[in-house]
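Consider the two complexes below, in which chain A is the common component and chain B and chain C are the respective partners.
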Partner chain A sequence: MVHSELKEYEDKLPPKILQEIEEKCPSSKMKKVVQKVYEEFLSAQIDAGEAVGLVGAESIGEPGTQMTLNTFHYAGVAEMNVTMGLPRIIEILDGRKSITTPQMEIFLKAPYNKGKDIREIALQVKETKLGELVAEYGLNIVDLKIELKLNMEKLNALDVTPAYLVKAVEKGLASEANVKFEGGVISLKLKCKDDERGLNALYRLKEKSKEVYVRGVKGVTQILPVKRKEEFLIITAGSNLKKVFELDFVDTDRTTTNDIYEIAEALGIEAARQAIMDEVFKVIETQGLNVDIRHIMLVADTMTVSGEIKGITRYGVVSEKASVLARASFETPIKHIINAALKGEVDQLNSVVENVMLNQPVPVGTGLPGLITKIVRKEK
Partner chain B sequence: MSEVYLNGKFVGDIDNAHEFLQRIKQDRRSGALSTNVNLHYDELLDNVYVESARGRCRRPLIVVNGGMPALTDKHVKQLQKAEITWGDLIDQGVIEFLDAAEEENSLIAFSDQELTPEHTHLEISPLAMLGLVTGLIPYGDFIQSARLIIGSRNLKQSIGLYAANYLVRMDMDINLLHYPQMPLVQTMVHELTDYKAHPSGQNIVLAIMCYKGYNMEDAVIINKGSIDRGFGRSTYYRPAVAEELRYSGGLMDSVCVPDKDVKGYKSEHDYRFLEGDGVIYPEASVKEEDVLIGKTSPPRFLSNLEEYSLASNIRRESSVSLRHGEEGVVDFVCLTENEEGNKLIQVRIRDQRIPEIGDKFVSRHGQKGVVGLIVPEADMPFTASGIVPDLLFSPHGIPSRMTISHLIELIGGKSAALTGRIIDGTTFSGEPEEVIRKDLMSLGFNETGTETMYNGVTGEIFEAKIYVGSMYYLKLKHMVANKIHSRARGPIQLLTRQPTEGRAKEGGLRLGEMEKDTFVAHGASMLLKERFDSDKTVVPVCEGCGIIAIYDVFKDKRYCPICGENVEISDIEISYAFKLILDEFKSLGIYPRLQLRSKY
Partner chain C sequence: MAKFDVTKHELVPKHSKLTEKERKELFEKYAIDMPNLPRIYKSDPAILALDVKEGDIVKISRKSPTAGETVFYRRVVG
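On to the complex of A and B.
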């Protein structure tokens, strides 16, 4: 690429901007346009010494205080119940490993997203457990056997053959029971040492059999096919991005989850950064608040720079702070001071909080630049 | 079988609960049992609870038997002739008090028209559902209930004539209204409580209008002429107390004019009002810090006395002086003895409070306002007949608060002032608005209560008709004079060397964590440092070991407690609070080293 006029700006402007200029600008005006764009680009950049972090924190925190109580509710909409509002923001920014309402939006590839057989496709995603397919449990205490009478209607609806089911049960309970199948009834014979035999063991087996995995994607507890614009997609409660990506009808380009750790695992840390931004922005937007996306970008950046997700907590981002005094001023001061003493840490007093504590100018704004003059002595 | 509980304790079983309840009730009404007993039957648990303990909230109701109230015309006539009293009615079982639990088993009729044979009680008056103070608010049935509560709370804070013997009392923090009046629009409760004997407000002419914007957001504008005529004038009393305490070893405080060699002697000027006995004389006009009662105390530690042995003259100054920011006139001096037989001196200070900008005024309908402007009478708007309002109330205070009673009282007061007839505004049975309107009309006024008014400054006619009338206004005890506070320099705390907190200690206003953030966000680094300079100190630091060094003033030498004298010691400027935290680290066994480096 690169027009001759653009050459000198190659390392001054981002490639995307240069590309756009090249595509849209007639070459006769190229020079002037680039010059103007460069000026604009420079003035759009934030000045050195601007307290971006603090301004960002206040810009998210101030509307956050308004969010505490008047959480905006959806009423009567056929979508699933998702944590929104302040609890969700806290959850994201804390970098919690398990979130309260994991949810996926599964987009489908071209032939499948037209709505034909959408229920069947969705059912393939849903995790089916043995418990859902059993109509009746029969406990035979004498022989220590459990007889599971199957709900054939459900089996048919889910397109599960009894043979497949038996295999799944055998796999799931291989160590606990002998599995037999006769005339629509699966019988489980307790398999364990003599001294453990008894009613309790049988009950335990019964409860365990309910949880036996039959088919679908593990972790997906509910499904909801939805028509959005011209295509159908599946919204799920419960999330398992990696397994969903393995299904052949899934459009892996657009399918997402609200579980940031899963995104980091499946798609990498850059995607997780984007996910943090999207999720936080989504909450703020639905609350009718207005926060500049760049503040959220900064938060997402600090959470992900290290290559893994770190929450804004004393165990996450704050523990990475270089200054002892800054860490101590956040939470659990004594712990930080004592650990610092044990390690002989040195505080370089490079950041804001420490300098406020010592009553020194903070290295932000007017406190940042130092003035050095060369004193020339006149020789007589 | 029902279980019976007396004051929460199980006492026995009965076979027929309803019969039992009926019997107890009859005994209570006939006087065989105390009228303080209340019953409650819990149908679900089949338990009977009999209560006779104190602390239950109870209210009086008329007993109903078979749909007929026990209170008859005969009783009423006897009451009117004062042949019987309220107590007799209770004794006769005509009226009884129910607690919250017994109310649950009762069916109470609101009025005698709706009585049926099922009813057990009849409300004495719908007014009885309100408390004594809430009942004082006129037209309480034309106001939002929340405002009614605010209104009654305001009434409790209003300045009036709280007790007729105030001259011989030594109450703390007391206000007294100078020209109290009884309201023109009254309720039944005013009569019942003898409100005339302790009124707490004044009738003023009020116009609902804006004026230069100085009454926006709940502010009010007051006529200077009205203030000069005595509107809202009050006196504030506060006593100062001193006691001659006895200490161990026969030592004791002594009330006297302190000698000049007393420790902590103020200045001759401060003691100038004291008479020979060490107490200020009445009618002395005192300013802040002036001594009211001169007093000296023995030294704090007896051992010091022996060491110096400079006789007993090293007594401590412990006089009582007027607080910072206060002034007044000594009203009353009282010398007595307290329970322990110690000499007790009480000095009551009086301060006249003329309404000023910032004082709080309120109508009886929860419509509070702070004085925003005091306008010379000549500049106040006036009506066609020359009436000049005393107070201008903003129209924006009405719609959202829905205090219709405020508006009705306004025309009610107007009608009362013009006819010379007290208007009855009792809740649920007040004079109807139509009557007041008719009155106004017959007096030649606009029945809606509006009048043509003129701009007091330019004389121009106002395009809009202004709603004016007379109403009862209260001055609340919240006055700026007790709250105003500012500081540029002043006392600091001993431990942290930071400014003290609170008005009483002449403290500073804290620039908190979030306020600090705004400075940082603006990049105003130097301004932030300057703001936090309140506790800055210069401390010498040993460059060898990094610990804070010592400056010996007598030898004019600095030395390090660890490295000694032959080491480089430099001064650094830090906040005293940081020096303090370093000391705390040391006390924890942590060695904080300061590594010094030239900044430039």
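On to the complex of A and C.
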């Protein structure tokens, strides 16, 4: 409940500040304090016409020069290698569709988050391919057959029954081979009858059979159950948020990925904006640098205004600019100018860069307001 | 299988549809017009349950690390 003295400031001050005043200030002095705080708040606000983008660019760019270019490798530590530092920042801000090290953090529902069956659950998440379950390959060149001796121990560990496995293999290789199962051995008989091409096809089939999907979440190549603050979660290499949300032991409220496009697709543009902020801030933090979150918020906002993620590249946010000259000043100027000439585009000179080029006052700071005045002549 | 609810995810802020009256107030308060607003796709997972159509405005109450909570508006596009 907001104090009565604070009521009138409800629209003027952010809730966080109001709450702090309410908690820490004795009610007798509240009115004076709020007034003072409001004055301070107004003077701390950014002025209209301030070049926030420029300030933001410098504030992120300067610490960026101090970031390490390469990732650290910790030998012997059970952590996965994740892109960090400058390459990661570039990756996020460029809005790359495929990132170098996709990773998920899968939170679990009770009771699994206390460590119940954590191994089994983790193995359910990991993508299992046929190649991992085969102990021995036997190639029968005369009959054009491949015999796959199964590793029953592994099968049991992963809780895969042979019957299920055979079904998966049949599904995966339906067009190339006839599948038979006898006494722990899957035999694949090549469908192709041509003897000359048969041998090559057989070897191709062997390689392809290793990649046959058996179970798990597609795209997850590695799993790592970890304990964080009294709670177990699974970190994965490889990301597939939509499929993970379908598993019933997953806490769908907190599970995230570092693939921003996947977040945008599964959770919407606002979640993606938050994810961009979190990811950029995480990198800056781990590098021991200090950048005000407001600058990152501005970048994240800019990247998501259009309702989808646009990188800070000539194909992304820059292509959205109205001015030809502004676009040309970023990258590939000739292309932009020629295209604009062909289309007969008109540049309204409304923004900053184009006016700098033409040596005119830019609409920033004191250049922003126009002055209209009535000239009164003194009459004698 | 557990039903997955987008709106409960911690990355997703609260989205709500603006009424006709709120729209007018918004335009007047900031002296803006429809094209000035940032966009959100009609197919966005976070607003699917809101039953919005093109031209509607969605109010988004974000959690902000600096201000506690901030409101943001997006117009729905196809």
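Assume the second predicted complex is superposed on the first by the 315 of 380 C-alpha atoms of A that agree within 3 Å, B and C clash if a C-alpha of one lies under 4 Å from a C-alpha of the other, contacts with A are read in each partner's own complex, and residues count from 1 in each chain.
As a convention for this text, a contact is a pair of C-beta atoms (placed from the backbone, for glycine too) under 8 Å apart; a residue touches a chain by one contact, two chains touch by 3 or more.
Here the structure is a predicted model, which means the values were calculated and not measured.
Look at A:Glu58: by the touch rule set out above, it reaches chain B but stays clear of chain C. When both complexes are overlaid on chain A, the residue A:Gly365 reaches chain B alone and has no touch with chain C. In the superposition on chain A, A:Ala201 makes contact with neither chain B nor chain C.
By the document's definition of touching, neither partner reaches A:Val37: not chain B, not chain C. By the touch criterion defined above, A:Ala266 lies against chain C but remains apart from chain B after alignment on the C-alpha atoms of chain A.
Shared-chain residue A:Leu224: touches no atom of chain B or chain C.
No residue of chain A lies in contact with both chain B in one complex and chain C in the other. In the complex of the two chains, the chain A residues touching chain B come out as 49-51, 54-55, 57-58, 337-338, 341, 346, 352, 356-368, 370, 372.
Across the complex, chain C meets chain A through its residues 1-2, 4-6, 8-13, 15, 38-41, 44-47, 60, 62, 64-70, 72, 74, 77. Residues of chain B that touch chain A in their complex: 516-517, 520-526, 528-529, 532-533, 535-536, 573-575, 577-578, 581, 585, 588, 590-591, 595, 599-600.
Across the complex, chain A meets chain C through its residues 14-17, 19, 109, 245-246, 248, 250, 252-254, 256, 263, 265-271, 274-275, 293-294, 297, 301, 304-308.
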